[in-house]
Every structure is written in C-alpha cells, then in structure tokens.
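Comments concern the structure below.
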C-alpha cells in the first residue's frame, strides 16, 4: 500500500479541522457545543447518505431511528443504569431492531413510494414518544438524567461537565463509525450497493438479490443513525419528540444534498453549514423556520449538487 | 435434451397474444439468431427466456433445469446473462468499475464486506483481461455514461461475459448504430463465440450481422414460429421471403 | 356503550372522509407528477386562515367557496414557478422543495395570524344537534359529510367524464404517450395540481369549523393522509377514499377501547397492508 497524498488530501484536511476545532472555535465566534452538534448531525447525515447517496434509495423517515437512538440512550440513563456506554449500546440496538423489523415491509418499494412509506412509519415512534407520557415525558420531553463520566479502570474521563472532553468523545465515535462506513463502501459489498444506485435492472440481471442488499444497506444506515441519535441525546442531556418528528428527516436529507451526496465528506460539510446557519438564524429572527425553508428551496433550485459536488466539477473542468 | 429447451411457450397480455406456442432448441456452443418483422414478438419471447415475464403457457429449461418460477437473478446464477436493447450500464462509474462489479459478483463476493486475502490481484487481472478482450483498455478510466453508443454496448457485453455465463442473450446488440460500430460489435460477438464456444441467442435487425454470426436462425412472425434453419435454408425459404425479406427488399 | 360505539363510528366516518379529501389531492399530484407534496398541509392551513380572514366580509358561506378557490390559485402559481422546475430530475429534489415550502407556509401563517389557536365561527343553526338522542350529531358534521360526498362525487365525474379528467388519468398511466398525442403535459400537471390544492383548501375550511385554527393544523394531519394513500393504493381514487374512511374509523373506534393506541393503530394497519398487498388494497400491481 502506498500513501497517495493527492487522494488523501481531503481526509487530511477534514481530520486536521476536526481535531483542532476546540482550539479555534471560540475565536471564530462560536462555541464548542455547536461543534459537537455539527459532528453529531454529520454522523447522522453520513449514515443516511450510505442509503441515499450510495445505494440510491430515497428514505425520508430516518429521524425515527435518530430519535430511537436518542430515547434509547435517555431512557437507559434515566431508568436503568448511570452508564454512558450502556446508554449508547441500548440506543443503537433499539434503532437496529426497529430497522430490521420494518425493513422487509419496505424493501420491495421504490422511489417516492419508498419515501412516503418510510416517513409514515417514522411517525409511529413519534406518537409512541408523544403519547407514552408516564415513561417518555410526552411532549415535554425526557428530563432528569445526565450523561455520565467514562471510567476506564481507575482512570476517569469526565465528559459530563467538560464540554471539550465530550467533544473528543463524540469525535472518537464519529471516527470509528465513519471508518466502518468507508471500509464497507470500498468493499465488494459496497460496490454492489453502488451498482444498485447506478442501475437496478442491470444489477438484478447480474444475479444480485437487490431487495436483500437494500435491506442490509437500510439496516446499516439506520444503525449508524441511531448511534448519532444517542450522541444527540447525550449532548443535550434531554430528548423530546421533535427529535423524531418527520420534519427532522427532511433536515437530514437537505444536509446530505447541501454538502454533496456523491462525496463521502459531503454530509459533513452540509452539517457544518446547516447547524451554523440554523444557530445564526434563530438568534437573529423568530421566523428562522421560513429561512430554513428558503434554504431548502434555494439548494434545490440553484445548488442541487451541493458544495462538494460543485467543487469537484470545477476541479474536473 | 438440448442445452436451451423452449417448449411451446405463449404469452398473453389480456386479449393480446404476443407469443403463441413457440418452441426452440439451442445446442451447446451454438449461435442462434431470432429474427422477425416488427411486432413479431421477439422481445417478449426474449423476456420469457430471461424470466422478466412469466409465460402464460409452456416451459423453458436450461441444461435440464426447468426454469418455471425462477426469477431473473436466480437464472443468472444458473448461467444466463443478457444485454438489453437500450444499453444498461452504470453511467456514473468508470468502464473499469463497470467491469469490476460483475467480476466480483462472479467470484462470489457479492455480500463480502472485505476483500478476501489474495483475491484482490485475481480480480484485477480478470478485469484487465476482459477490458482487453472487449477493446476497452484505452477508455477504461472514462465514465461509462460519456462513451459512444458502440463502446457502451461493448462495455455491456463484457459486463455480461464477466459473469462467466453459459448462455449469453443479446437483445439487438447493434440497434441504433452506424456501420462502423455495427461492424465492431459483430466482430466482438464473433470472436467471443469462436474463442470461448459460448452458446449465444441474439435478436437482431441487421441481416448482414445475422447471416455473418448465426449458426441457425429462428424466424417469428405475429408471435408464431415461421421457420427455422441454417442461414442458407432461411434465405431459400419462400414463406420467410414473403413475410419478411420480401418487404425488406 | 352502544351509543359510545355509534358515536365513534360516525365520528370515524366524518374524520375519515376528511382525510380522504386531503389524501385524494395528494394522490392525484403524486400519480401524475411523481411529487409528494409535503406542503399539502401548508395549503390546507392557508385555506383555513383565508376563510377566517374573509368571514367578516363574506360570511361563512362566502369563505367556504372563495377560500378554496384562492388556495387553488396559489397552488397553480407555486406549481408553475417552483415545482414544475424540478420535473424530470431525481424525485429527491421535488420532495425537498415541497418540504421547504411546508416550513415556509407554516411559519408565514404563524407570522400573519399568530401562534394562538383562533376560533372559527360556523352558523349557529349548523352547530345545533339534530336530535337529542344523537347529541353528538351536529348539523355541521352532517353538512361536512354531505359536502365531501358532493365534492368527491364531482371529482369522480370530472375524472371519468370530462376531457381533462380522462387526460389526467391517461397521463398517470403513461405520460409519454399522452404527450406524444399532443396533450400539453405542463398545463395538465398544472391543472391537476390546482385540483389537488383546491381539495386541500376545502379540507382546511372544513377543519377550521371543527378543530379551530392553529398554524400546525396542516402538518399534524398530513401523515394520516399518507397512510390513507398507502392503505388504499396509490393511483386509485376509490382506494384512497376507502383508505381514508378506514383509518378514520379505526382511529375513532380504537380511541374508545384503547386511547393510547389511537394513532398507532393506523400504522399497524399500514404494516399489515404492506405485508399482504404492497400495492395497497385497490392499487395496481407493478406500479411501484
């Protein structure tokens, strides 16, 4: 294996920026929690993009698995065990199991119909969180719990009160998850998924069980989505049903498109822009929701390839 | 028992009878052309073989396997590979990647989340071999979607071959091409047939290509079999001349 | 108990007819243009608030007629200048576009009319119960049902008897052929969108009389309409109508026995339908 500097340039840039973020973010007029939020949303968007950008399947219901992860983590810390590790594991398993059950119902569907069914199914979890007041806190959200410090034998890593430590904790999980996704996408299995995106009929006539592959891709995508959800809950020490409302799903899709769906790091770029923009707009005007809507419209009409898509096209020309 | 055995298949779409009781036996290593005027039911007949459509009546078997109820992707595993009238490739991937995907599938890696030790080099060699065979090496790094019609077709044929099929089905391989491209594709098919003794069934409009490639020819008209024989027999057949070659001339 | 159940059934049919009204509009647009109109709920809210604002001048009846028409005009403009620009592209883009529009609509209605719930005046004589035994059966509810039946009947007539309707139906089956035959597909899609939005606007006015007005009235109702389409079968208007009535019934009957499962029950129904008949109860096989 040789180290190709040119090919690795984007990776190096991304990791230098992410690793040094705590050093400069406050000088850039922002705060560390916002950086953490970017990484969390980027993980969610990259998980979605595994399905959307690399398998070509139009899922609009991913917020459900994000929310399941979030509630899984929150409920674990609130009722089961004061352990951040267990919270993450329970949240991820919750998302994975839900995806595994719903998968067979939807893998036969395609296009906008797939989108509609996934978004409708996503609402089930919203209503459960909303209605099951006694356990989830209903519309007010799940409170009275906190992420716990990590214990490695005698060493304690305080991610509870130290926001920078928590950022690095999130970044470490992000790195691991992203590495797994990158590895999968560069494997024969990953190439088969890309083949399905490119031409489903051709792929079927190569002897591929397309529905099985879509189901697997869906599971992988939802599992990492749930992981992002657990981190989101830990970041806020709070979950409410809005984390799994259907509008949240659209947010993840626009993040992917805004950054560039065909680029591995696209969703990260999209997340940085979106999270910052939302933060900025909501501090500026109570009508920030309209502006977020305008961002959707503008991206669709004027920047459908996203930031990295445009950059790459420039580079090719 | 022949290698490909089609026994009295019919296909009805409501009251329309697209294919009406066609039988065809293709021997191992044979190149068979299916011809007929427009609306003769050739494409429907083809789809019955590949499993894209279930027949209303009749049966298809490959090397003794009855294919009733076997879906297209499973037929591929039994050794059937096809190309389409409108080229079906992976447009946003390079030609090399287009070939690499079916090579990996044929090697049984379709669900492998990693490359097994030692397989990388085997796969790479096989991809280069196929690129070379199809005359695609010079354009291997270009996006398949940007290629000329003829190169896309050559790419699609090599993708089918990468699956190591025992039966290659080509649906109008030279459709919509100019003389030069038609010639190049015909040469490619001929070479594949000669070098690997591949069993080939093809639908074709261009009579020069048909008479150049086919060992035997089946003629369909209005969904029914009209004649079958060697190119010489077909040329001499009066019924065929009346129904088909007659109005082409 | 019997009366409670009767109440649930009648309420269910009313609510169901209402979902059907919304779902039919969504389904028309989705079948012809391959667009999921997430902004449908936004249009519904616009219809409702327009009727509210016009009530002092036009009264209830004027608003009932004028508000849906104005909403439909807005729909025609939105389709013509925004949505039509993404036809032929990856369906992803049309979904994101209507998603963004949904955000904007909800926020703008909140900006103009405020976040508080507003009451919507329905003529007093319509609000009176029809009989003492059936105290819950107000004139307004009967009127709602009658109007929806009338409108859906008219829509079926348009779809099966008029040239526009025949063209829309032909277009949903095979758009290419229809355009080759000389039908202007752009205009066809525009008018079809307008019809769908008219139904949304009408649903808005009717909902306002029953539920009162909030900016989120649309986004809280749209998911049920999706479920109605999935259960009934995309592309089938009769199926969508049936789907709407079924989920309305299911929700209200469930609310009697197991209130916490009121919403969940329709998703269970949806899962069962997808398991047994992925194309929906009356949908055609192979469309999706």
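Labels for the chains are A, B and C, by order of writing; each one numbers its residues from 1.
Definition applied: contacts are C-beta pairs under 8 Å (C-beta built on N, C-alpha and C of every residue); 3 or more make two chains touch, one makes a residue touch a chain.
These figures come from a predicted structure and were not determined experimentally.
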Chain whose averaged C-alpha position falls nearest the assembly-wide average: A
A-B against A-C, pair bridged by the larger set of C-beta contacts: A-C
Mean-CA-position distance for subunit C and subunit B (Å): 48
Subunit A and subunit B, separation of their C-alpha mean positions in angstrom: 43
Distance between chain centroids, defined by C-alpha means - subunit A, subunit C (Å): 32
Junction residues of subunit C - those touching two or more other chains: none
Complex interface listing, subunit B residues touching subunit A: 50, 72-74, 76-77, 81-82, 84, 88-93, 97, 100-102, 104-105, 109-115, 159, 163
Complex interface listing, subunit C residues touching subunit A: 30, 34-36, 38, 82, 85-86, 89, 91-93, 95-97, 99-104, 106-108, 111, 219, 223, 226-227, 229-230, 234, 260, 262-264, 267, 270-271, 274-275, 278, 288
Subunit C contact footprint on subunit A (complex, rising order): 52, 58, 60, 102, 105-106, 108-113, 115-117, 119-121, 123-124, 127-128, 131-132, 246-247, 250, 253-254, 257, 287, 289-290, 292-297, 299-301, 304
Of subunit A, residues touching subunit B in the complex: 183-184, 187-192, 194-195, 198-199, 201-202, 204-210, 213, 216, 262
